[in-house]
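The letters A, B, C, D, E and F name the chains in turn, as written, and every chain counts its residues from 1.
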Amino acid sequence: MILPALAPALSVAVPLAAAFLAVVAPRPRLLVGVTVPAMLAVMALAVLGVRQGGPLVLAVGGWEPPLGIALVADGLSTAFLVATALTIGTVLVVALPQFPIRQNETRAGWAFWPLAFLLWAALNAVFLSGDLFNIYVAIEFVTLATLALVALEGKAKQVEAAMRYAMFALFGSLAYLLGVALLYAAHGTLDIGLLAQLPAQDTASLVAAGLITAGLAAKTALFPFHAWLPPAHAGAPAPASAMLSALVPKASFYVLLRFWFDAMPEAAGAIALQLLGALGATAIVYGSILAVRQNRLKQLVAYSTVAQIGYLFLVFPLAGGSAEPQPWTAGAWTGSVFHAVSHAFAKAAMFLAVGHAVLAAGHDRMSAMDGLTRRMPMTAFALGVSAVTLMGLPPSGGFTAKFLLLTAAFASGQVLWAAIIVLGGVLAAAYLFRPLARAFLPDRGRYGTVPRAQQALPLALAMLSVVLGIVSAAPYDFLQTGRPAAAEEGLE
Amino acid sequence: MTGAIFDIVLCLLILAVALAAILGRDLFGSVVFFIVYGLLVALAWTRLGAVDVALAEAAIGAGLTGVLLVGAVARLRRGGVVEPTPPRPLARGAQMGICVLAAGLVGAAIAGLDPDAAGLTATVAQNLEASGVGNPVTAVLLNFRGYDTLLETVVLLVVLIGVWSLAEDRYWGGRPGLRQHAKPGGVLATYGRFLPPLGLLAGVYVVWAGTDQPGGAFQGGTILAAVWLLVAMAGLVDAPPVTARRLRLTIVAGPALFLAVAVAGIFMGGFLHLPPEHAKQLIQTIEAGLALSIAATLALLVAGPPQRGAR
Amino acid sequence: MIVSGPLLPFAALALPLLLGLLAAVPAMRPRVLMLLPIAPLPALALALSGPTGEHTELPVLLLGVRLGLDATGAMFLGASALLWALAGVFATAYMRRTHKREVFVAFWCLTLTGNLGVFLARDAVTFYVSFTAVSLPAYLLIVHDATREALRAGRIYMILALVGETSLLVGLIIACAHADSLVISQVRDALADAPGREAALALMLIGLGIKAGLVPLHVWLPLAHPQAPTPASAVLSGAIVKAGIFGMLVLLPAGAGMANWSLALVAAGLGGAYFGIVAGLGQNGAKAALAYSTVSQMGLMIAAAGAAPLADAPAEFAAVIALYAVHHGLAKGALFMSVGVAGQVNGRARHALLAAVALLALSVAGLPLTGGAVAKTALKSGLEGPAATLVAASAAGTALLLLHVWVLLRRSSAHGSRPGRLLWAPFLAAGATALVLPWLLAPAVGVKASYVLSAANLWSATWPLLAAAAIAAAVIGLRIGVPRIPAGDLVVVAERMVPPAVSRRPAPSHPGPRRGMRRLDPIDRLERGLRRWSTAGPVLLGTAVVLAALFLA
Amino acid sequence: MNQALPLIILATALVPSLITFFLAEDRVWVRNALNLGGAVLKLALVVFMLAEVGRGQVYQTEFELVPGLSLVLRIDALSLLFVTLSTVLWLLTTVYAIAYLHGGKNLPRFFGFFSLCVFATTGIAFSGSLITFFLFYELLTLATWPLVVHKGDAASIRAGRTYLGYTLTGSAILLVGIVWLESLTGPVAFAAPPQLAGLDAWSLRAIFLLLIAGLGVKAALVGLHVWLPQAMVAPAPVSALLHAVAVVKAGAFGIVRVVYDIYGIALVQEIDMGLPLAAIASATILFGSIRALTQHGLKPLLAYSTVSQVSYIVLGAALFSQTAVVGGLVHLVHQGLMKITLFFCAGVFDERAGVHDIDEIDGIGARLPWTSVAFTLGALGMIGLPPIAGFASKWYLGTGGLEAGQPWVVAVLAVSTLLNGAYFLPVLYRIWFREPGPNAAAAETEGPAMLLAPPIATAALALAAGLFAAAALSPLGWATLIVERQYAP
Amino acid sequence: MSGWLLAAAVVLLATAAAALVRVARGPDAADRMMGAQLVGTTGVAVVILLAAHEGNWAMLDVALVLSLLAAFASVAFVKAASRDGQGDPEEDP
Amino acid sequence: MTGLDTATLFAWCGAGLIGIGLYGFLANRHMLRRLVAFNVVGSGIFLVFGASGARRADLGPDPVPQALIITGIVVALATTALLVALVIRYADLAGRATLPEDEPGDDGKE
């Protein structure tokens, strides 16, 4: 049983090592070829370990909290780790031909690889951390790697987008850090597990909660702090966009989830939770409306992320705010995680597929989609399948998520959120319709193409989001690993 | 009593300088105020007895950040970038109001804190022996919470890659920053010859002392970086090309070493586990490696992305 | 077992259907007309073998087909089958040169099946199916010549037939729902006190009345009968319309509760009888006039059928009406055929034809000693009071109308060259049967020859003829012009008055391709504002403050 | 075997679908063999199952996805009614589509989605719980859309947008209803209807309305029907699929399930929802007919006719009468047979003579006699003329309406019949009695057997279904069996 | 004793405040920088006083770093003031 | 923390710095000014953090916050370095050091 216990450490160490190698000896093919399988193996270890032995808790350096930092791999973090591994793994393979290193190393061709590996390590660090300050470092790590990836294309627009992102991200970091400082001042520990056991009704803790929530909301691009996201994600190269849109906002959301459900489950006031829910709901509607209005493919997909992030925040009014777990709490909580994970797969698939369409067409106007079903059927199919998840249609993880959230909304009598969830699906159809419909048009003009093997990858990723909907029982149970027992019962 | 007066005066000064840095009409003036501000904050840390932090603030907060900003201002000014007009009073009022509110909340939070909470001081003291070092801050940094520090060093690496990736494509493979030159035998050049040995000594000392006294790889590394930058500014050395294998090894060495120790720890009791009997040597090794990489990385960060032809 | 009970009723329906399908076989095409006389033969045999006590059941077909034959039905069936057979023979000659003979034959057979099915059906669904089968395929017979007039007639026929079918269906459904049975006799009995009786009766009567030419639902009849090829006109007027009467006889429940309906039907029937005469006299074409004569005659039968429910012995009275129908069917069939024959013959043969037609006409008008007299006397026996008188008096009109037909026929010219014998033979056979058969059947329906030949009855049969002669003489002598009435009377008025009610509007042009969604500037502005850090930053900080405040609250 | 059989039957459609997607365009034979093979195999299995279910066997498979979300496959007599229809028609439509689309573009995509549609339809039929039903219902929406936009011209895209707009909104509403209901009762299985009696009547009404509105989109209830006529731009086999095999049927089938297997008709009456539903269905019947009357195009006419006809099924379900529900259920099959015939024929008219509008159909009967005969049979059946199938449905519906104490239903049927006649007969008239117009004159001879056989087969089936309605295995017999077994009091 | 040291430190701080006026007023960039240097020097002195006051000689390291970095900042300033940003004001004619 | 001991005073000073810095971060348009402000907020936070760890004068300052602050300072430096590079690159490309939406004349058009 020592092997599974290694998994948390290795899931940070392996990509870090890969990043170091990528800096020194840029051989992407080799690195990807070794790292991705290795990470998948580590993930398998983690999943096995968590399934058999419950949450894996690793006190780094042998120092128990509060002195040391604990790495915690419970169901939730393992789920995010696995989703990250699958997504980034695929993205890296897709990126291979797009960031080649031949005789002469190029700027982007070199920089992409260490940045991608570092982002991977950073995300894993976030998902594993059981310490709020360590999370701060990891989140900053994510932010900085993201910034670099956003600006990777190096044109004024992208640099501008990166700077704008930086404003929000920096503010978020500051607010979060201040919150952490206040929490430490109040409680003398930053360990999530220990914080959970302490009363948290003092001023400092509550101010900290407000700051942390707002800061992370800004990083997650919750409406109305979302405006940085579309230009940033749309401007990056497609494989980078895939990682950014699929995973990066999830990292800060994950922390929010940890904070509200694990660290300070009793601190939340009902009105504040409703406020967060309302912002999420607005994000769904507003992001969708803007997505409909976009004329660029990548912008559209990016605005879709704004909308989809809104769903995540519905978990707060639906599952938060009570020490006594309600029967629907587990459903709502799991639903939001399902949404996060399936959205990760689907959004990454969509960005990659759109990227392929854009590569073939040479531009990212809507007409890049023309005749896609005929020219690049697999890409078109990948888009379609990921659209299914984004719309929350069965059979997909998106649907399972939406179903769970909806059930919770009705069970808890919060019908307004139910209405929004449903409306969001319809709106998603509205904005995804345009590109998908164009795929059926006859193609005009000259288009290149992308090798079939490359096209297959986004499709595989998209199918993952569907598989998550079809075989959702096992992930559901898995996610409950390490949750408080009362919440596991679910809605009868 | 005098202590209180000193504290109050220092606080007021800090606040005033901060205001000046924020509100100053002239950007350059703001940056200068910021450097002063860093210096005063370092005083505050000293006053609070947090010498390690004071060192870091002095080296990094006031020093390196200030240099970065000064360079940037100069660069923008040369680029002919105009200063924007200040915001409308109405917007300013609203912004100010909300900031006052925020500060008030923080103040309220501080007021509500338990005056006798001791934090982890005692716990650290209890475990100091097992950490292998005498400086409790270093013990926390490199042992108890070494994982934070590992990530932190990698953050520097990320940023360096990010800065480099902002180069123009045509300059890839070239050397970071602009070629510096100085009047041979002039004040600058002389300065560049004089100061380095002193700085080098100070840097190595701060790193070495860090295990048992205030100091450590970050503070020391920063000093080393400053030294190298000084020499470079004096036109005496030039940065190697960004593609140079040795350069890259240097920037990666520290974090890689740290990671290697961390992973090796798995076989000795757990991730990042430093056996107490070897802890001191291990920490010193790590600190040395880190100082090297940090120095190189910080220096390169200040130098900026390659801005000269490849070869 | 698919069929239980006697096979012959089933065969009577199956054979024409099969032959109809056979007509579609290309190899059959040259001799396809030969099928026509054969098709009704099993039915004829069945009718001759008399009413069957048992029912034939085919539980698999439709909702369970149930066939049977009583005395009334046997008469209807026999006469119809005979007429269809004779008309079939007539058609073999008459249709020889026409195009699309196979279509004609196929639909002839289909119509025939339906016509026979109506008489054999003992369950509501089979009845309805048969009724439809006789209505709709008949359309093909009517429009066979595909002239404008034929098509117009067909269209009007179709509309009315469809209305009729629907009404009948709904009426039957109401009746069956109450009866909880499909067996007609039970449905009829249940209908007597069914909750929706009035509606059911009204609807069924509309359906049946359209078929039977009940004024004012008769309008299709004077249009369609003349337009159809002569053999088709013969069966239309002689056999098909009888389906309506038969339906009334089997479906109208008996009993005092029917008094109002009875009165209404009698009134409508008699009104129709006289209207038919008047309108017929206004016609220029022999077939149109004959068609109006059918309207008139059907009016009499409808009146009788209306009276039947109140009769002391409704079943016996039904048989009497059947007798009348038998005579009228054969006679009218023969008369229509005569029009066909007249188109072919000249000289002496034409005189002979005119003589035969005159005799038949008089028979229809009830000339004593003819079959018509038997039928009419028998019919009157069941009626009372003014109705009986009116029926009797209508004979004068009938005589006048048929005189008009005779005159028109005499004036018409022969132009055809069809083989005479095959035209003559069925005409003569039908005519002869019409004259003779009622005498043979009269005892079976309880009408004794002595009764027919009683002085009172003889007189009541004779005076209308004398009156008719007098009127005719007066008209001819005084040269009184009879106002012309367009065939189809009411429908012509309707056509003029009502602009095409259901005209096809031009297809709504598709809305033009929607231009990109209108830029909603406020949203753009909002998004821009949210992107502006100097706005978004304070909002963000404000959110943190508000959240903290909310937590603290 | 009992566990696996539903899955195997589902696989007969799913597997060919998935393989087809990845076949190269030119592997025509493989593609055809796969699709036809799947269809034939499925037919065989369904026939086997008919016998088994006829004997009282019930198949059930279940697995849980997440708490409250179980996939339940359950085959009862009602499932089998729907599935038999779709299976038979799938086979014929596949044959037809192969001939119709011969040499066209994007065929792997087309046939892939086509089979996927059938998979979804089968799933709908097999659904043993409300949520399972929803899963397949959504899948059907998705699988159909690519078919609607298959041609890829502006009109198709527009139609696709409308289609998605309506159906997805409908699904969303349906989902709300489902989740609301299940939040009150827990998972809803058809086999064991939830105990609703104690619940608040207004909630039940609201949920009922949500469910019906959601299903009503596919069933093309008036107001929600707009997508259907627009979707006519799709190729003829797709129209057949939309109108006869899958989509509108799924909606109607769902309504039957809701009324009978979830609420129970008695409860529906009790909360006063039966009459409104019947009224809406009736309004749809009349509306569709009236709209059909004013259409120029042949396919729009057929589409509005479907709008009208499908509501017969709904009407049957809404009436508190066993006879009516028999009528409604049997119309599920009857309408399918007749309407598919019409669409097949319309496709042939288009393909062979370029006929789109009714004006262009003049005299086509002379050139394409067999097609025209089939079309005529279908049209007459739609009018409700005996002995074609439509008549039996009407008979039962009418009788059922009276049984339920709603005599006005009969009037609706009557008016609808007349209107049906009014729009179909002029078409028949033009086909047979007008002089051949330019289209007829230019028409090719009747096409390959694969194009001709399906309409003739379906026309014959429609005729047989009416003619042998009383037989035990006729649709009517089966519908009666369903009602006796499942819905008898 | 210790109070005296702190009092001296307060006086030094006041001096620094005076230097700040120069930083604020300018008028030249060089004036500002020189003001900053003055504050830096004062700061070093204050640190030394504090170290003495606390008896914590490790604090002297802070003074050391401050003085080193102050020198570094002034070099950077000089570079920034040169015409091309990479040269030496002394080179300029 | 009550009473005006050194730690509390510096903590409040930190709160004041946070307020001042935030204002600069929000109100300024020039990216470098924002960076300055960002660093001011950062050190304000550190001051709060550190001062609150120095409440017990008898025990000396808590080493854990100190370590965390050092880490924070490095991270802030790293962030500043990347941002400076971005601003310079942006100025090279676009000729300004402000985001377009922050330009006074910007009326919301792309």
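The rule we apply is simple: a residue touches a chain if its C-beta (ideal position, glycine included) is under 8 Å from a C-beta of that chain, and two chains touch if they have at least 3 such contacts.
Since we're looking at a predicted model, the values are computed, not measured.
Chains that touch both subunit E and subunit F: B.
Here the chain-to-chain distance from subunit D to subunit F, counted in touching steps, is 2.
Of all chains, the one whose Cα centroid sits at the greatest distance from that of subunit B is C. When you average the Cα atoms of each chain and compare centres, the chain farthest from subunit D turns out to be E. When every pair of chains is scored by its C-beta contact pairs, the maximum goes to B-F. With centres taken as mean C-alpha coordinates, the chain found closest to the middle of all protein C-alpha atoms is D. For the pair subunit C and subunit F, the distance between C-alpha centroids works out to 99 Å.
For the pair subunit B and subunit D, the distance between mean C-alpha positions equals 72 Å. Chain geometry summary: the mean Cα position of subunit A and that of subunit C are 77 Å apart. The mean-CA centres of subunit B and subunit C are about 106 angstrom from one another, to the nearest whole unit.
Counting partners per residue, subunit C has 531, 533-534, 537-538, 541, 544-545, 548-549 as the residues that reach two or more other chains. The set of subunit F residues that touch two or more partner chains comprises 18, 22, 25-27, 29, 34, 46, 48, 52-53, 64-65, 68, 71, 75, 78-79, 82, 86-87, 89, 99, 102. Contacting chain pairs in the structure are A-B, A-C, A-D, A-F, B-C, B-E, B-F, C-D, C-F.
By the touch rule above, subunit D contacts subunit A in their complex via residues 21, 63-69, 105-106, 108-109, 131, 134-136, 138-139, 141-142, 146, 149-153, 156-157, 160-161, 164-165, 168-169, 171-173, 175-176, 179-180, 182-184, 186.
Of all residues in subunit B, those touching subunit F in their complex are 3-4, 7-8, 11, 14-15, 18-19, 21-23, 27, 30-31, 34, 37-38, 41, 44-45, 47-50, 52-53, 56-57, 60-61, 64-65, 68-69, 71-73, 75-76, 79-87, 91-92, 95-96, 98-100, 102-104, 106-107, 110-111, 113-122, 124, 136-137, 139-141, 144-145, 148-149, 152, 155-156, 158-159, 162-163, 166, 216, 218, 298, 301-302, 304-305. Of all residues in subunit D, only 154-155, 158, 293-297, 300, 323, 357-358, 380, 383-387, 391-392, 394-395, 398-399, 401-403, 407, 410-411, 413-414, 417-418, 421-422, 425, 429, 433, 466-471, 476 touch subunit C in the complex they form. Interface of subunit C with subunit F (complex): residues 524-525, 528-529, 531-534, 537-538, 541.
Residue ranges of subunit C in contact with subunit B, taken from their complex: 534, 537-538, 541-542, 544-545, 548-549.
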